[in-house]
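Residue numbering begins at 1 within each chain, and the chains themselves are lettered A, B, C and D in the order written.
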Amino acid sequence: MKISKELQKRARKIKVILMDVDGVLTRGDIVYDSNGLEIKHFNAHDGLGIRLARLSGLQTGIISLRESGTIRTRAAELQINHLLLGKDKKLPAFDKLRNSLNLAAEEFCFIGDDYPDIPVMREVGLAVAVQNASQLTKKNAHYITHKSGGDGAVREVVEIILQVQNLLQQAIEKL
Amino acid sequence: MKISKELQKRARKIKVILMDVDGVLTRGDIVYDSNGLEIKHFNAHDGLGIRLARLSGLQTGIISLRESGTIRTRAAELQINHLLLGKDKKLPAFDKLRNSLNLAAEEFCFIGDDYPDIPVMREVGLAVAVQNASQLTKKNAHYITHKSGGDGAVREVVEIILQVQNLLQQAIEKL
Amino acid sequence: MKISKELQKRARKIKVILMDVDGVLTRGDIVYDSNGLEIKHFNAHDGLGIRLARLSGLQTGIISLRESGTIRTRAAELQINHLLLGKDKKLPAFDKLRNSLNLAAEEFCFIGDDYPDIPVMREVGLAVAVQNASQLTKKNAHYITHKSGGDGAVREVVEIILQVQNLLQQAIEKL
Amino acid sequence: MKISKELQKRARKIKVILMDVDGVLTRGDIVYDSNGLEIKHFNAHDGLGIRLARLSGLQTGIISLRESGTIRTRAAELQINHLLLGKDKKLPAFDKLRNSLNLAAEEFCFIGDDYPDIPVMREVGLAVAVQNASQLTKKNAHYITHKSGGDGAVREVVEIILQVQNLLQQAIEKL
């Protein structure tokens, strides 16, 4: 995969990969059964991507306006480091996390798909919009994935970052 | 997005956006488990669209021949104003709502996908058929969405109406 | 829609529309949860098709090697006339039904997608394979649908039969 | 279907077909409900493929890093011979199975989609990557399926093996 100089420069500094859930880690389906239970479809390739990030020493996190037991189950399985759920706005949640980790904004990557993601995307060092993102969200991204949310978009971002940081081959061997 | 003069004229008057459920707010899947429980797949981008409509002062509503707990759960989450479920015919349900709201037919938009939607589509000011609608339903529409039901069709309609009414930018900022 | 003379001739005689389930009334997904419960995805447009057939006086039926509560729930909702589930072979089940109804083979349509459907397809007056059927199954069909199973294939067949029998317009008005 | 000389040579020796689950027998969706229950989408055409393999005297098996009740339910229904679930690494699990069956590596086919599958793919006589596999996984395959995982990829592989071994027609007749 060809990675532009600009993208390389941004990806080289990333220490934490944050992402939205609906439309990013999923295809954007909001699923209920008639008892009010929620169901969520994640993706195995994304899961391996998050595992590769962890094996390489990067941190991962989720920022979502919605709270859901399905996210907690999947996040526990993947040992995602930071879970910011049920937030009213994403930017204050991001600022609080950044302060607590004592990291610069350019050390964060954020992957989003819709309007509520834009304020955080404007702050971070590497703002990514997935292929299925709304137009305005794409305009606020440094990189737009080829894959769609829930279909490997997160994996694509992780592999770019690990490749630029020369950590990919080593992480694959640790699997 | 280019919006035709005719569509602009119709969209400008809309105060209430009504929609069918199966095939419009979903891909048309009717899902059961072996205990008889029903499951329904909605869409996050449509959800944000309905939220934008509400933030702009527009009313929203659902007219469906089927009754389902899944619709009630999703409608409550999105604070949809009018829920007309389990109706035998859609037109009498629409007429009753229109009378109770004391609004003109041209102040309603209706989004449908199949034959039972046509009688209401013939009444309202802005009749929309989704991309996956049956042919005859499309022929009765003033506008056919580019997106399919369950994949952002409702969001597409909401954004057109808010853009024509100069309310979109302001609604996004309120998110 | 253009309907060939040959297809018109076959469709004109149909009194009973029979169909397989997995891959025909669904996309072919076999879904389980970790408690062993089964989940099945049907399609709203197919549902309206079956309703149109019933309103026109045609009978409908399902022949499946598998037994599932999900099929019974959906069949009850759609008032499907004949339910032949959990059969070891499809042809004996079909023969028994044909005898009990005292109808000729040419008065039956069967819609299938895979090898176990072929013996029945070789008997009936109108054998249909869905777009997603296996090659050999398609070779045994008088008609191959443009739509895939679970995505409107059954509806497509019903509309062809009703149109040829001059019953479609009237059925739509009864909805 | 055209089958290359090289593929014919490899397929002729196969006695056991092994496969990964997520992304191979499914589209790669990892699905949870808000009670932590898992849901998995298999495919009816793959199921018939596994049945054809069994009717032809071939053995089948699953090697997965994940353990799930959904796999056990589907495997029991299809009478899959070997279930190696919840393994930390796939190669030791494969080696142990091969020893217990007292078969040569060239008598095994393995169908995979991602990095953890590669060590086993390097050992077996016929290594298959599904259409939706990651690039590096495809590079380690003798054959790449036209169909994607969860959409008939396993069926495609079974039919190639049975056709090369002149067992397909006979198996179809036994259905």
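Quick note on the criterion: a residue touches a chain if its C-beta (ideal position, glycine included) is under 8 Å from a C-beta of that chain, and two chains touch if they have at least 3 such contacts.
The structure presented is a predicted model; accordingly, all values stated were derived computationally and were not measured.
Touching chain A and chain B together: no chain. The greatest centre-to-centre distance from chain D, using averaged C-alpha positions, is reached by B. The rotation that brings the Cα trace of chain B onto that of chain C spans 90°, given to the nearest 5. Of all residue numbers used at the contact between chain A and chain D, under half are used by both chains, marking a mostly different-residue interface.
Mean C-alpha positions place chain A and chain D at a centre distance of 31 Å. The distance from the centre of chain A to the centre of chain C, each centre being the mean of the chain's C-alpha atoms, comes to 44 Å. Multi-chain contact residues of chain D (touching two or more other chains): 33, 39. Under the stated contact rule, the graph of chain-to-chain touches is a ring, a single cycle where every chain has exactly two partners.
Those residues of chain D lying in contact with chain A across their complex are 22-23, 28-36, 39, 113-116, 134, 136. Interface of chain B with chain A (complex): residues 33, 37-45, 47-48, 68-70, 73-74, 150, 172, 175.
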